[in-house]
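This is the structure I want to talk about, given as structure tokens.
Think of it as A, B, C and D in the order they're written, each chain with its own count starting at 1.
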Amino acid sequence: MVERLRNYIGGEWVEAGVREWSPVHNPATCELLAECPESSAADVDLAVQAAREAFGEWRRTPVLERAQFMHHFKNLVEDRFDDLSEVVVRENGKTLDEARGEVRRGIESIDFGIGVPFMMRNDGVEDISSGIDETTVRQPVGVFAAITPFNFPFMVPIWFLPTAITCGNTFILKPSPQTPLSMQLTCELIDELDLPEGVVNLVHGGVTSAQAIMEHPGIAGVSFVGSSPVAKIIYETCTRNGKRVQAQGGAKNYIAVLPDADMESSVKNVLGAAYGCAGQRCLAAAVAVGVGDAYDRLRDELVKQVAGLRVGYGLDETSQMGTVVSAQARERIVNMITEGEREGATISLDGRDLQVEGFEDGMFVGPTILEDVTPEMSVAREEIFGPVLSLMRADSYDEAVELINRSNYGNAASIFTSSGAHARDFKYRVNAGNIGVNIGVAAPSASFPFGGQKDSFFGDLHGQGLDSIDFFTDRKVVIERWFEG
Amino acid sequence: MVERLRNYIGGEWVEAGVREWSPVHNPATCELLAECPESSAADVDLAVQAAREAFGEWRRTPVLERAQFMHHFKNLVEDRFDDLSEVVVRENGKTLDEARGEVRRGIESIDFGIGVPFMMRNDGVEDISSGIDETTVRQPVGVFAAITPFNFPFMVPIWFLPTAITCGNTFILKPSPQTPLSMQLTCELIDELDLPEGVVNLVHGGVTSAQAIMEHPGIAGVSFVGSSPVAKIIYETCTRNGKRVQAQGGAKNYIAVLPDADMESSVKNVLGAAYGCAGQRCLAAAVAVGVGDAYDRLRDELVKQVAGLRVGYGLDETSQMGTVVSAQARERIVNMITEGEREGATISLDGRDLQVEGFEDGMFVGPTILEDVTPEMSVAREEIFGPVLSLMRADSYDEAVELINRSNYGNAASIFTSSGAHARDFKYRVNAGNIGVNIGVAAPSASFPFGGQKDSFFGDLHGQGLDSIDFFTDRKVVIERWFEG
Amino acid sequence: MTPLNTFGAIMTQAIGLEQGLADYYERAGNNDRASACARRRQKMMRIRREAVLEITLEAIDGLDSDDYALDLEDVSENGQARAASTAARFYREVAPGINVRQARRALERAAREHAGQ
Amino acid sequence: MTPLNTFGAIMTQAIGLEQGLADYYERAGNNDRASACARRRQKMMRIRREAVLEITLEAIDGLDSDDYALDLEDVSENGQARAASTAARFYREVAPGINVRQARRALERAAREHAGQ
């Protein structure tokens, strides 16, 4: 019988008290990998109790000692790097290189956690008034939870966990029920750390568990990454329940390619940005805007390069692109391509019917290029979250910027150019939280905040970087005077 | 034949081109451990050439990648923790716990080096003027050198090395010729890191090598820890030669014990501060000032607790205090005690003639207490750097502060009290770079600057903490505008 | 008479104790306890390395290793109970002398674990 | 025909190559080279882990593993020279396709090391 996942609560692996289970499939081989419980409010409550209980002692554990746990954690993850990468491939469908890149980026976030003692700092002023000193003291807040998506099953949870707990909080993680195995293995490693019980807890589930997290009064804050509609619900529900919240939503990322761009290098990079992780990332390039005569050269070079992309099972290292996550995802993507065609776009590369030998039932969608896309088409407006790149024309640089700024989303935008003037103007004017200059995936390193504007982000403090130190701590102000005895 | 140490230059172990060698002894057993070369200006020049050559490529190595080397370094040091601790005991004479504590503190500095990517940050302002952006860019400076003392043969070099190189500089280390073995072993570990050759170089020697470092035009900056007269020379010579320099000197650290202090706990801690590392540290407590009726209680409790201290060979874990570093050091300390007696101090505990069974020739000086010391006595003014605590009386708290501030040194000062008002006033008024409140050894963690005032420090930027990021980087200001094409 | 008068002396004693008990329980055929002791030994080694803070080293007094001698010959149920009880007492009595929270907590936990076995 | 069209494919090929050569040189009685290959294998494994940056993954084309087949039967001097030369050529030709500096430098260095042997 296939493994039924258990929750990790208070340092123990416990069965969820539920009868609902969802299957976890390998999207390339369709193998059933495990069954994931839909944890109930009662299960979430158990985790919250464990986390609250752990908080008192954990908060008193010196920050340098807390950081040492992250060192050990990093070492364990390095030791199991290949296993973790493989699990990511198996449950998510991306390629091994992409999975390795994901685990590596996760480790960067552990590194950031190790650095918390240098960033979680008080400050103060002596003699702010006569004989009176004023200080801010940074303190952990309590129990935090993260609700994370399927597209980076290792990396996204690890954006939050190390910083949250090294700041002195305790933590509950609810990974996507589509891809729970990376965190299952990760929590097995965490179990080896000898952390005080209850500092890290894993609760499996989907909507029911997420709802319980949002409403539980014992949780101080929630980090979320997912689609924009859900991000908005999370934001509203959590704030209504008195929580801190940072909710990263979806995206429709534009890339502007100017006539003065180095076309061959640019396209090589755009291609990675559009089709990496089969387009299933919130920083994926969705629309490439060719400015003036750049359009034709961009299209020609794109079609040439993309046609050579090798799609296959992620564990085969010659695969340059893997599957999408599920049958539903594939159907949605295929339908959106068809809808784009209906609305007038030209399909110059069509991935809808791609078959991969040996994996005929796999959830593959081939790299797709839609041409002559216009701003009102659904493929220009809505997030596809698949390996589909739409090409748009702009007569001028200014028109390209206007196209980009018209989007409801504001996660990332990139410009490919050799002009310093245009690059500066782009950074200045474009309404997106992450800007790439000759870089197609403007992914912030762990020590930078993960930007996001408009419907791509709900909240005040972004994930990662110093924002996350602020999110996971509160600053208490102390005003202090002593009477001479 | 005993080992003759070699220099580590450009990734190779090379013989110094010299005929002068100094013996390295185990100060407890008097065993000859090695012979240390007095490297010449030519040897130093080789190291500088290697470091300069390495700089170009190392500087271009991304900072996150540089930090990864520190991760590996940390892991190697953890693996060899016990060996390193033993080497420290063998060459320095301190106890195993003290040596372990030293290695641990060194590791904290490696941790800080790992955090460099989060601290070596640019900043900037957009539109500082119309269409003009201004940025500071932090860049490494070039080749740095450290000249380090015998009392913490592992920790002090590691205060500087990880941050210096993770900031992108290359490095030359000249440890004390009395205790070169800890760094010998450490550089063997560094050799395993697969760092580009020449990033870290080790040059053994004493005055000649130090002089060559100070005068070499290829070295951009020097970190020094040692006695105040030498620190002053280093500071003046290096600055005359156009270098950055941070020179930490000696100390005469006072501890004020107030009548409202918790006497038993205070004395337990004072005792560690005075006799830990046999008093051979620049944060050692040298003078304890008893205020009012605290004096008698302090003396009684001190004599009681100190008498129970077990002095012995550092590798015997029941030893609570080890040797001083050398015969000369012992002679100097014994003479200073005798001089104190001659000047009118009472010796209430006399360590001059201590013999340790089985180690009759060892460089032991027992814990010594001098009573009724007055400010003009040499034992109140001069650094003894041995296990000697002088007791002084003060009629009032204010008088205690005046006594402390009269000192030429300003490394550390501590107060033992339960009064918030006195603690605040002490922090505010006392002229010392590290202040302890109910803590006898006010040793800053790696992420805090190692303070020092008056003759205890020469330079602008202290070692450790953000000061060290400033010391090991330069900030270039970029003012930027682009003309529209 | 070997005084347990330093942090290192206590931790080294703990490491030796767990090593001795691991061998002992293995001989007694009690693999669960043997491996628990082996794990604790690793942990104590880690703590000896990590929890030693030069600034908080203070002398410890009143403890001696002779007070915690184990009889590792008698593998009977009773013998095992006595060994566990001595180990628990060792940890209980040395813990208060340690002024580093992480280490003290680990020692207290070891006391509970031995007592609970 | 196995294309070396990804970072991972190239690094995995390098790891396999060093493993094969380590065994080969050991059979040839050339322990220095064998251990150099073993060390490089470790290094290539580390680089496959550490130098993979999700944001800079770009497809690589024009390389195929068949072009770097080694004859690991012939342990003669000549055979060893041919093996070293093929290994050097492999590293020389794959290095430019890698856009992560650390990895490219390691591959270039491996090319020099094999060529220099």
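One rule holds for everything that comes next: a contact is a pair of C-beta atoms (placed from the backbone, for glycine too) under 8 Å apart; a residue touches a chain by one contact, two chains touch by 3 or more.
Quantities reported herein were computed from a predicted structural model and do not represent experimental measurements.
The interface with the greater count of contacting C-beta pairs, when B-C is set against B-D, is B-C.
Note: centroid distance chain A to chain D, computed from Cα atoms, is 34 Å.
Separation between the centroids of chain B and chain D, computed from CA atoms only, is 45 Å. Averaging Cα coordinates per chain places chain C and chain D 50 Å apart. The multi-chain contact residues of chain A, meaning those touching 2 or more other chains, do not exist; every residue touches at most one other chain.
Looking at chain C, residues 50 sit in touch with two or more other chains. Taken as a contact graph, the chains fit none of the simple arrangements: neither line, ring, star nor complete graph. Remark: the chains found to touch one another pair up as A-B, A-C, A-D, B-C, B-D. Touching chain A in their complex are the following residues of chain B: 64, 67, 71, 74-75, 108, 111-112, 114-115, 117-119, 126, 133, 419-425, 428, 445, 447, 480, 482-485.
By the touch criterion given at the top, residues 78, 81-82, 95-98, 100-102, 104-105, 268-269, 271-272, 276, 305, 308-310, 317-320, 439, 441, 443 of chain B touch chain C in their complex.
If you check the complex, the residues on chain A that touch chain C are 60-62, 65, 68, 194. Every residue of chain C that touches chain B in the complex is listed here, in rising order: 2-3, 5-9, 12, 48-50, 52-59, 61. Chain D makes touch with chain B in their complex at residues 43, 50, 101-102.
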